[in-house]
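Presented sequentially are two complexes of subunit A, the first with subunit B as partner and the second with subunit C.
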Partner chain A sequence: MSGVHAHALHYHGHSPVHRLAPEVKIVAMFAFVAAVIATPTRAVWAFGFLAAVLAVAVGLAEIPMGFFLKRLSIEIPFVIFALAMPFVGQGPYVEVGSLSLSVPGLWGSWNVLAKATLSVGASIVLSATTEVADILSGFDRLRAPRLLTAIAGFMVRYLEVVVSELGRVRTAIAARLGDLSRRREAATLAAVSGTMFIRAYERGERIHQAMLARGYQGVMPAAAAPELPVRWSGMVAWAASAWVVAAAAILTT
Partner chain B sequence: MTALLEVEDLAYTYPDGTEALRGATFSVAEGERVALLGPNGAGKTTLLLALIGIIQASRGVVRVGGVTLEPETYPEVRRRIGIVFQDPDDQLFMPTVWRDVAFGPANLGLDGEEVETRTKEALAAVDMEQQADRAPHHLSGGEARRAAIATVLSMRPDVLVLDEPTSNLDPVGRRELADLLSTLDTTQIVVTHDLPFALRLCPRSIVLNGGRVAADGPTAELLSDTDLMAANRLELPYGFDPGTIAGR
Partner chain C sequence: MHVPDGFIDAATSVGTGVVAAGGLGVSLRKAARALRDFHVPLAGVTAALIFALQMLNFPVLPGVSGHLMGGALAAILLGPWMGAAVVSVVVIVQALFFADGGVSALGVNVTNIALVTAFVAWPVFRVVLKILPKTRLSAMAAAMASAFVSVLAGSFAFVLEYALGGVGGAPIGTVLGAMTGIHALIGIGEGLITATALGTVLAVRPDLVQGVADVELSGTDTVPTGRAVTTFVLTGLVVAIALVLFVAPFASPHPDGLETVAEETGFASAAQEHPIGGPLADYQVAGVESETVGTIVSGIIGTVIAFAIGLGVVAVSRRRARSA
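Up next is the complex of A and B:
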């Protein structure tokens, strides 16, 4: 990860998708996810088309397959949940080899797998092509409550600060107690979590003072980030194609 | 010289009973660069916060450019007195350097074009134009310090106040910071423990101790006064002799 391109989810590039205004990508992603959710589970063919629509976006964004699949691993907990469904679902059952699987469970499993994979895939395209700061200013320009985007911004900004503080505390503990077993380390860390809270709280107070010192009066000023050109047409066409698939699936099932 | 900043009999007691300020009085003229020296617990940080009303002094007056500090004038006083806090992680709270530098002017209610002009100008003044789109946590110590200064310069303050600007900087970073600060025309108050840095940058020093002004005069003279230094827990680095160094 280079210093300039900050977050791990981002894939540095100059593709047409990278250059789109963030608000366009946010709207397109939500439209695509909504289309995926609206598509009936049993219209299996429709998910194939939706996957093709997503593949077009991944291709245009020039995201390498390896990067995409690695980021997709975030859905593994859902996959495990989905794979359990055929075993715990109700009847009717279908015999597969020596296993008796629940038919509604199998459909449920397919529903979660297909929809989660496509939705996560769409969010990967957004996060891989848009810096966190730009996603936030995109939400600002879409008139999301500024307080919420500000809180999200603070979270992103201070996550690393707090994590590195925790790292220093861990080092200090290890230095005094020698090599720790995982269990003992966990117990000690639980004890210092109170200290960490106080530290984070005091940091919050100092930040608030720094904000007041620069004229903050309770309202975050509008994002003053340089704007990217807004080009809706391509993105509208892309999201609309997902909706055409969803509509066809709804009408035919 | 007319006084740009006047502080008269400023006092403050923390809720736990600690008397941090006990009637501090001094003034700073336009264009001056003044070091504010003092041991830990002398009341330096409290004084900074009281200057702009973040903590309300129980007694005393602060006037900057003819504007007296009171709740109605907080926004005006906070524009005129720009404080660069000690930890850049506290100062730089926005997702990118650009947005952080633009935060102050945007709070002043300026229009987008003016905010952009000032942001560019402030970034140029600290030579950080190339890093405008970077996230603050990916800056080096020296870069973060310069970005923090830019966030205040963009408000075009009358007085620039820096709290321990050399903390966590390596010697080269310290020298570069001194070079940068000496190029800025703005009136400056530099709160520091770094006495060679004060000597290099500030012709005049104010020593704060026990919440009062213990001494006020030419930096080279104060640093050469061993009794005064000892009485105020100030100590020069080993082998450093202010008499042999050409101060400003």
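Up next is the complex of A and C:
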């Protein structure tokens, strides 16, 4: 019942991190990301310590390095973007070989690379150790707007349905129209986007009627997720260590 | 367009986060009132659809492909509140589950990709439709124009955030020029997809389109092809150019305006003195002030050049298709 990428996102396991209540992990992830963002760019050493803090979580979660690095590759587009910064930034400049690179641009690159990598790493630990439905029920227990988590819940639940439907439509196009030029294919897909909307709308109507038939009265019942122990102490210690690093970095720069 | 972590400083991230939360809260409430409890599954399934459509790649230029962002399409089909809410959910899920777009940049991304696009696309679509004759082709031209303008508006929102708290010290003029140029091209693609998708929905279930709910459209019940497509594409582009040229001069004092507000409320000085702001904060502010005129001019020139390229590509590919 979880989303299409759930199996790719989730790393099945029984580590101490897997067994933590989702809301604990969500709070820890946000606290860690906030510490990363608050750390001054030039405190290069601090990012080493933050990486170590993240590595502790990855290790405790028993996530294999290959899986972690593969998921980390999502940030490659940002990396390319970040690498352009030294070339468009303002002075002062530094000569590297025959290139004249902007010093603020270089720091900007470093800032994005370090912070995006650490933050993406933290969110990988969360999604690798927590099923999508559990993350949503975690947000519910953290009193996120119910409407928002309900919509997001429907979204991840029907993602697989909609994506596979899109796949079937593309197969149908290929079967009926044969090899299309890139341009014709694009035009067809754009028109299909409209058809897909109609299907999504009608599906939404059907789901709603089915829900009404089952006694829905405007509020989604709370997800019956297995109760996991809410242990805040470990998480507080972990996130606090990231904040100690961030505070030290702020004070020393 | 998904901004990663570390690109916008903490103060600006928090500020845009507040904007995003407020805008999303209002949107959810308005959408809920309009559709009662029906909106929950509908919003969820359309959010899934937009996520799925974003996975489709469309060729923009040889070697360059882009994908639908969907803010304008969602707003036209579902209305601005529901559209903004649905795209916001997509952006949030992408950040939290797929690590696409930074967690700390959630406010920035929700604001730029969902709120700004939906709330710009809706009035543009309505106004353009009001001016043009009430036909299906006009609705598609209005969709083309509104999608184009909404993408540009989203990129302007990013430039504004970058001016307030960007990291890396790229001159605002360069950022504005680059963002405008790239997003003018993306906007043409977005406009074409949005208009074509809307055309299909109008041909099959016009009753589902919130954007034309109170408008009687005439036109054939078939999906337009050939010359009709050229007509709506050109109309849409001309309207979009006119809008950009008309709106840009008014928008030009905008960064200064926000900057002034920020300074008056102490937000900017807090951002500068805060260790998080870093040593780059102050000269960026100075850069905006001195370069305002230049940046606006370069932005407009960039837009026009990108348009020319876009029109050329459309014309060439059309001629090639005809001769083939």
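What we mean here is this: the second predicted complex is superposed on the first by the 245 of 253 C-alpha atoms of A that agree within 3 Å, B and C clash if a C-alpha of one lies under 4 Å from a C-alpha of the other, contacts with A are read in each partner's own complex, and residues count from 1 in each chain.
The working rule: contacts are C-beta pairs under 8 Å (C-beta built on N, C-alpha and C of every residue); 3 or more make two chains touch, one makes a residue touch a chain.
The shown structure was predicted, so the numbers you read here are calculated from the model rather than taken from an experiment.
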item: Partner chain in contact with A:V132 - subunit B first, subunit C second, else both or neither; value: both
item: Touching partner for A:A200 - first (subunit B), second (subunit C), both, neither; value: second
item: Which of subunit B and subunit C A:L9 touches, first, second, both or neither; value: second
item: Partner chain(s) touched by A:I76 [first = subunit B, second = subunit C, both, neither]; value: neither
item: First, second, both or neither for A:Y216, with subunit B first and subunit C second; value: both
item: First, second, both or neither for A:V156, with subunit B first and subunit C second; value: both
item: Touching partner for A:R182 - first (subunit B), second (subunit C), both, neither; value: second
item: First, second, both or neither for A:V33, with subunit B first and subunit C second; value: second
item: Contacts of A:M65 with subunit B and subunit C, given as first, second, both or neither; value: neither
item: Subunit B and subunit C contact sites that coincide on subunit A, given as residue numbers; value: 3, 132, 153-154, 156-158, 161, 203, 207, 211, 216-217
item: Subunit A contact footprint on subunit B (complex, rising order); value: 49, 52, 54, 75, 78-79, 82-83, 85, 87, 89-91, 93-96, 98-99, 102-108, 112, 115-116, 119, 133-138, 151-152, 155
item: In the complex, subunit A residues that touch subunit B; value: 3-4, 6-7, 131-133, 136-137, 153-154, 156-158, 160-161, 203, 206-207, 209-217, 221-226
item: Of subunit C, residues touching subunit A in the complex; value: 4-7, 9-10, 13, 24-25, 28, 32, 36-38, 40-49, 51-53, 55-56, 58-59, 68, 73, 77, 85-86, 89-90, 92-93, 95-100, 102-104, 167-171, 174-175, 178, 192-193, 196-201, 204-205, 208, 223, 275-276, 278-280, 283, 287, 317, 321
item: Footprint of subunit C on subunit A - complex, ascending; value: 3, 5, 9, 29-30, 33-34, 36-38, 40-42, 71, 74-75, 78, 81-82, 85, 88-90, 102, 104-105, 107-109, 111-116, 118-120, 122-124, 126-127, 132, 135, 145, 147-148, 150-159, 161-163, 166, 181-183, 186-187, 189-198, 200-201, 203-205, 207-208, 211, 216-218, 220, 250, 253
